[in-house]
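Two complexes are shown next, each including chain A; its partner changes from chain B in the first to chain C in the second.
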Partner chain A sequence: MTHVTPQEPGVVERGRVRTGTRPPHPRDGGPANGTPPRPRPRRRGGATPWLYLAPALVVVGGLLVYPVYQLGLISFFEYTQAQVSGGEPTTFQGLGNYAELFGDPQFWQVLLATVVFAAACVVSTLAVGCALAVLLTRVRAVPRLALMLAALGAWATPAITGSTVWLFLFDPDFGPVNRVLGLGEYSWTYGRFSAFFLVLLQVVWCSFPFVMVTVYAGIRAVPAEVLEAAQLDGASQWRIWRSVLAPMLRPILVVVTIQSVIWDFKVFTQIYVMTGGGGIAGQNLVLNVYAYQKAFASSQYSLGSAIGVVMLLILLAVTLVYLRLLRRQGEEL
Partner chain B sequence: MNLMNPLRLVRRPWRLLAETSALLIAVVVAFPLYWMVLGAFKPAGEIESSEPRPWTLNPSLDSFRRVFEQNEFGRYFLNSLVVAGSVVIASALIAFLAATAVTRFRFRFRTTLLIMFLVAQMVPVEALTIPLFFLMRDFNQLNTLGSLILPHIAFSLPFAIWMLRGFVKAVPEALEEAAYIDGASRSRFLWQILFPLVFPGLVATSVFSFISAWNDFLFAKSFIISDTSQSTLPMALLVFYKPDEPDWGGVMAASTVMTIPVLIFFVLVQRRLVSGLGGAVKD
Partner chain C sequence: MNTRKPSVRFLGATTVAAATLIVSACAPQTSDNSSSDKDEKTGTLRVWLFQEVGNKPKEKVVDSVVAAFEKQNKGTRVAVEYIPVETRAQRVKAAFNDPKSAPDVMEFGNTDTAGYVKDGGLLDVTRDFGDWSEAKDTDPTARQSVTVDGKVYGSPFYVGVRALYYRTDVFDELGLDVPKTMGDLATAARKIRAARPELYGIAVGGAYTYGAMPFVWANGGELATGKGGSYASAIDSPEAQKGIKAYTSLFSDDNCPAAKCAGMGGNDTVTAFAAGKAGMAIGGDFSYAAVEAGKVKGKYKVVPLPGTSEGSVAPAFAGGNNIGVLKSTSRRTLAVALMQQLASKKTQSSMFEAMGFLPTFADVRGQAAAKKPYVKPFVQTLAAGTKFVPASPAWAQIDSSLVLPTMFQEVISGKKDVAAASADAAKKMNDAFGSAG
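Right after this comes the complex of A and B.
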């Protein structure tokens, strides 16, 4: 083995000293080695890129950006059934809707419930997904295929059918779960925490496969030589996981974590179907369902929009964290 | 195949334990689906019994018959297929063009656009139901399938573009140069060389747009308000699900019918999905 003394100016790589100024080879991508990749020479192309982008920009602009703008606008106006059906003029409220919202103790309660519920979902989904991804690498083809197929089935199940099936499984009268656990006619959807717990189980069931498949693909992509080398150097299993695999999987873990945060913060169908629109007296409301109920059930469109804006801002903050993490990994956009 | 070298050294009893637990977990994960299909085939007396058994000796098609006899269930099914199909095809084509633009050209605002697409992924779709409702009303699109198709294309595009980027990037520049030297036009290169090469990525991406369109429940509930002939499957399912007195047999049969197309789609694209996800995040 070549011995590298700290004084040596370059890095020894396959027996050849290379100095820090070597231009990066186009194949070794950005994140792996410290130097930022040289931007590849690319055509400027004049109007062509904009031509290619035009359909996407039109659709996203008209049906995503414009509605976001509208959402913000509605949240500053008085907008109820009277204005929608055409009679009364809309009046500017300033921050009035927000003042009403922030003065409502129920809003704070729902916000807290949303954050805690989403956090619980993210942590459980990631724990289950990563643990099973590791398990997949340790078993032979048949058990691996079985677990993979089962997970794909759970992933493919539409949220609404998944919700009804889980309700049926936990049904106090006819469900198998209460029979097996000996819970008698215990109703899961009656209590606040048990209802949230039931929804959490369903959410984890349908979202862990994404984490599992992605992390598994990531582990498989780690080159065998790296692991062999670590092993030859006498690294223990734990050490290999901590010092070799974990840093290499970091980008993937960031992606699945952020995606999970975004998905779980926006859970709608499961809560709406399983708790019957937000539970008894709204005990199981999360922001998304709360906004929907305000707007479409009680026709307070402006309040619903204000809740939507709050959600948007929270998710925007999450996105900024994501962007920072991407930057730190030196990914070229 | 087995590149995970240190993992091959896992000792025998441990591997046995790992394999047993993998199989057990697979059974637990698959159980809700099994129970759904079982519930769909159980005769009425067995499904509403306080001693549920994990099998049935007299499977019956009664529940399915009830589902299909519900007015226009076939129509809802077709509507759902039309919505999901149009969303998949349109968003795949549009995203392919956009991903090509942002990876193979340098132009002003390129990075800004990419960041915007990333931010757009986070927008809570449900919150936009309110402004979209007014937008659809103003354009007289309420109660049409278009009111479901268009927003879903818009919402699936940012993620699709973001994901396809890696696949377009992976096609070597040299290939493009060679094509131009051989006299290919830009559009010929785009559709006859780049498109087939990126196709696996398109498949992986389309899984996400298909699911979001097929599963959609909120838009269908909010935009299809009076003309039920334009309804989609999730609404039909809810007919059987009344919170106080749910018809569990009907719900399970309708759920089965609704889940099967997605399962078929998943099985078809399964291989490409796994490699596609790996490729997208590895990049």
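Right after this comes the complex of A and C.
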């Protein structure tokens, strides 16, 4: 390990390299304000880079662009099972599917529930994940290993299995949780908020390990000297996190946040399994389950596609706005 | 900050490219599922039947039918495949989408008939059915379940109806009489719950549409009125609302607490009864094996679900399965012949012996009831008159988008009153009838 002092931008760079957001390149120092220098522009041969990129682009095009294109295309047609199997002709609807979707009050209700629920999940996941990552750095090897193994176990558990187990834990008749808490036969899935809360617990449980492991790796890359200096200055644990770790881990936090937003906005299995396909009278529907009901349960593929396109646009917008905000603050990814 | 420019430019280019693609696009893929004009007299016939819980006896009956059929038709082979009920929707859709991998003959749920016809998957066998000597004994409800717009698309395979299961030991202990009206039923349920708080009086489920509908029908309500292409929902009529009220009033702490029962479906209520957690339940003839295997074996009886007045029977939903021929078959004559043999009186009679499936022929069913007394209440229920869902392709959509469970659950959980919930449900049903015909 080379000796580095905290003032050098290379410190920040190391954390960054690990996130994989940009390839490492040799550097010869840069401005000392923590912002890494821009890479030197490389303008060698117009076609060559594209040639190297071509295989990746073909794969991305085939696996990403084409399905998205089909999704968009289908959303402009009347496309149900009858059309797919040739029982009726396919007709162009223009924005008809979107008009139907936006005219449906249930859609807006579901959208709102999805946004609020996803936000709650993201915040909880990040809080739990970061807290445990810090904890990991503070405990001895054995408890650390135990925590790691527990987290990896949660991570490796398939969503359906995890959801079923959580549902059982909170079962009004046989669940141990109600017995321990003395709640009697309280049904968690009956009330709208308690059902969402139960699902939130499960979502956090199965997605915090990703945050924890990633952030933990980031913290390990922060040189001990920096933390030591902060401690010598008498900073509290919270203060160290807020003023030292969080800024240095920013790129990592950005990645896990975006990942969590996308992940939690698209949550399907947990809701589908734990609330029995959307809860009592559909009170726990989120967009993905709603789209599934439209597209597959009732074979209205075109309407389902329209929901898919709307979701895609929302996620794209959220991600872009988020990245932009970060850029505004003078940080580069 | 000029590092971000290329990405924006790239994004712009992609957007433009995508937009161009969409504008110049042709329609999404559809399959060419026209009926085949070939009618080969030899070769392999592919058959899809449902995989039941404990499928062996069914296979045995089918095997003997197939052996006889192959003997009659030289050069013909029959390949039978048992498909899981849970994934049937995907399998059938796939079969309609790709005629090459589709079967020639298949079993399907009778509520799916109209939807499959609209999807263009089923062959019109009106003439063959009319020419078939056994068909005249098919009971009218079963016949209705294969009929769409006056044309016949298959042959009924078996019927399933629900009746009232009750615990004889609990009734004796509390000195209760078997309920004779729906009012009695509710009173008895509350008495059971009061005396034995660990039991549900009658196990009911907010997602148990076919257990709830008899209450609506008994009160004179209907799911929808109309015929053929033009149905209109009637779920918000005063009679239907009375039935909804009667059913949803059973979801209370003095019978089946809403917090637990609102989310239950039909299987959950039968499971609760079989596990000895309910005094009564509405279960089908097809639930008999499950209840027999439960804790309550020997401690229960079945009677037809009582109607509103003494001595009447609440109309039950006539569920069941049919066997049809796919439009894409290239062996029409053989496939229709096989369909008839699979759904014949003889097969249905052995199928009843093997699986307990109630025959769709009135005379065969009579013989069955004489042999196995447990069938009697179900046969009585059928004889008293049954109801069927609207023979409209919209039904599949109404069913799968949970319109009725949502309505019941809205009332049960107190989110809406009966009038508002049924009006919403009626609107959703009418939208579906309007768009799907």
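Convention: the second predicted complex is superposed on the first by the 239 of 333 C-alpha atoms of A that agree within 3 Å, B and C clash if a C-alpha of one lies under 4 Å from a C-alpha of the other, contacts with A are read in each partner's own complex, and residues count from 1 in each chain.
To be clear about the criterion, contacts are C-beta pairs under 8 Å (C-beta built on N, C-alpha and C of every residue); 3 or more make two chains touch, one makes a residue touch a chain.
Note that this is a predicted model, so its numbers are computed, not measured.
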First, second, both or neither for A:I280, with chain B first and chain C second: second
Should A:Q70 be classified as contacting the first partner (chain B), the second (chain C), both, or neither? both
One more residue to check, A:S243. First (chain B), second (chain C), both or neither? neither
Would you sort A:T269 into first (chain B), second (chain C), both or neither based on which partner it touches? first
Chain B or chain C, by number of chain A residues touched: B
Applying the touch criterion given at the start, work out whether A:A146 contacts chain B, chain C, both or neither, answering first, second, both or neither. first
Counting only touches as set out at the top, which of chain B and chain C does A:Q300 meet: first, second, both, neither? second
Report for A:Q81: first if it touches chain B alone, second if chain C alone, otherwise both or neither. second
Quick one: is A:T90 in contact with chain B, with chain C, with both, or with neither? Answer first, second, both or neither. second
Looking at chain A, which of its residues have contacts with both chain B and chain C? 65, 68, 70, 74, 173, 276
Within the complex, chain C is touched by chain A residues 38, 65, 68-70, 72-74, 76-77, 79-88, 90, 92, 172-173, 185-187, 189-190, 276-283, 293-294, 297-300, 327, 332
Contact residues on chain C for chain A in the complex? 1, 3-4, 14, 18, 21-22, 25, 27-34, 93, 96-97, 115, 118-121, 206-207, 257-260, 262-263, 393, 396-397, 400-402, 405-407, 409-410, 412-413, 415, 436
For chain A, which residues are in contact with chain B within the complex? 29, 39-45, 48-50, 52-53, 55-57, 59-60, 62-68, 70-71, 74, 132, 135-140, 143-144, 146-147, 149-162, 164-166, 168-169, 171, 173-176, 179, 205, 213-214, 216-221, 223-224, 227-228, 230-231, 237, 240, 251-252, 255, 262, 265-266, 268-269, 272-273, 276, 288, 291-292, 295-296, 301, 304-305, 307-309, 311-312, 315-316, 318-319, 322-323, 333
Complex interface listing, chain B residues touching chain A: 3-7, 10, 14-15, 18-19, 21-23, 25-27, 29-30, 32-33, 35-36, 39, 47-52, 54, 93-95, 97-98, 100-102, 104-107, 110-111, 113-115, 117-132, 134-135, 150-151, 153-155, 157-158, 161, 173, 186, 211, 214-215, 217-218, 222, 234, 237-238, 241, 243, 248, 251-252, 254-255, 258-259, 262-263, 265-267, 270, 273-275, 277-278, 281-283
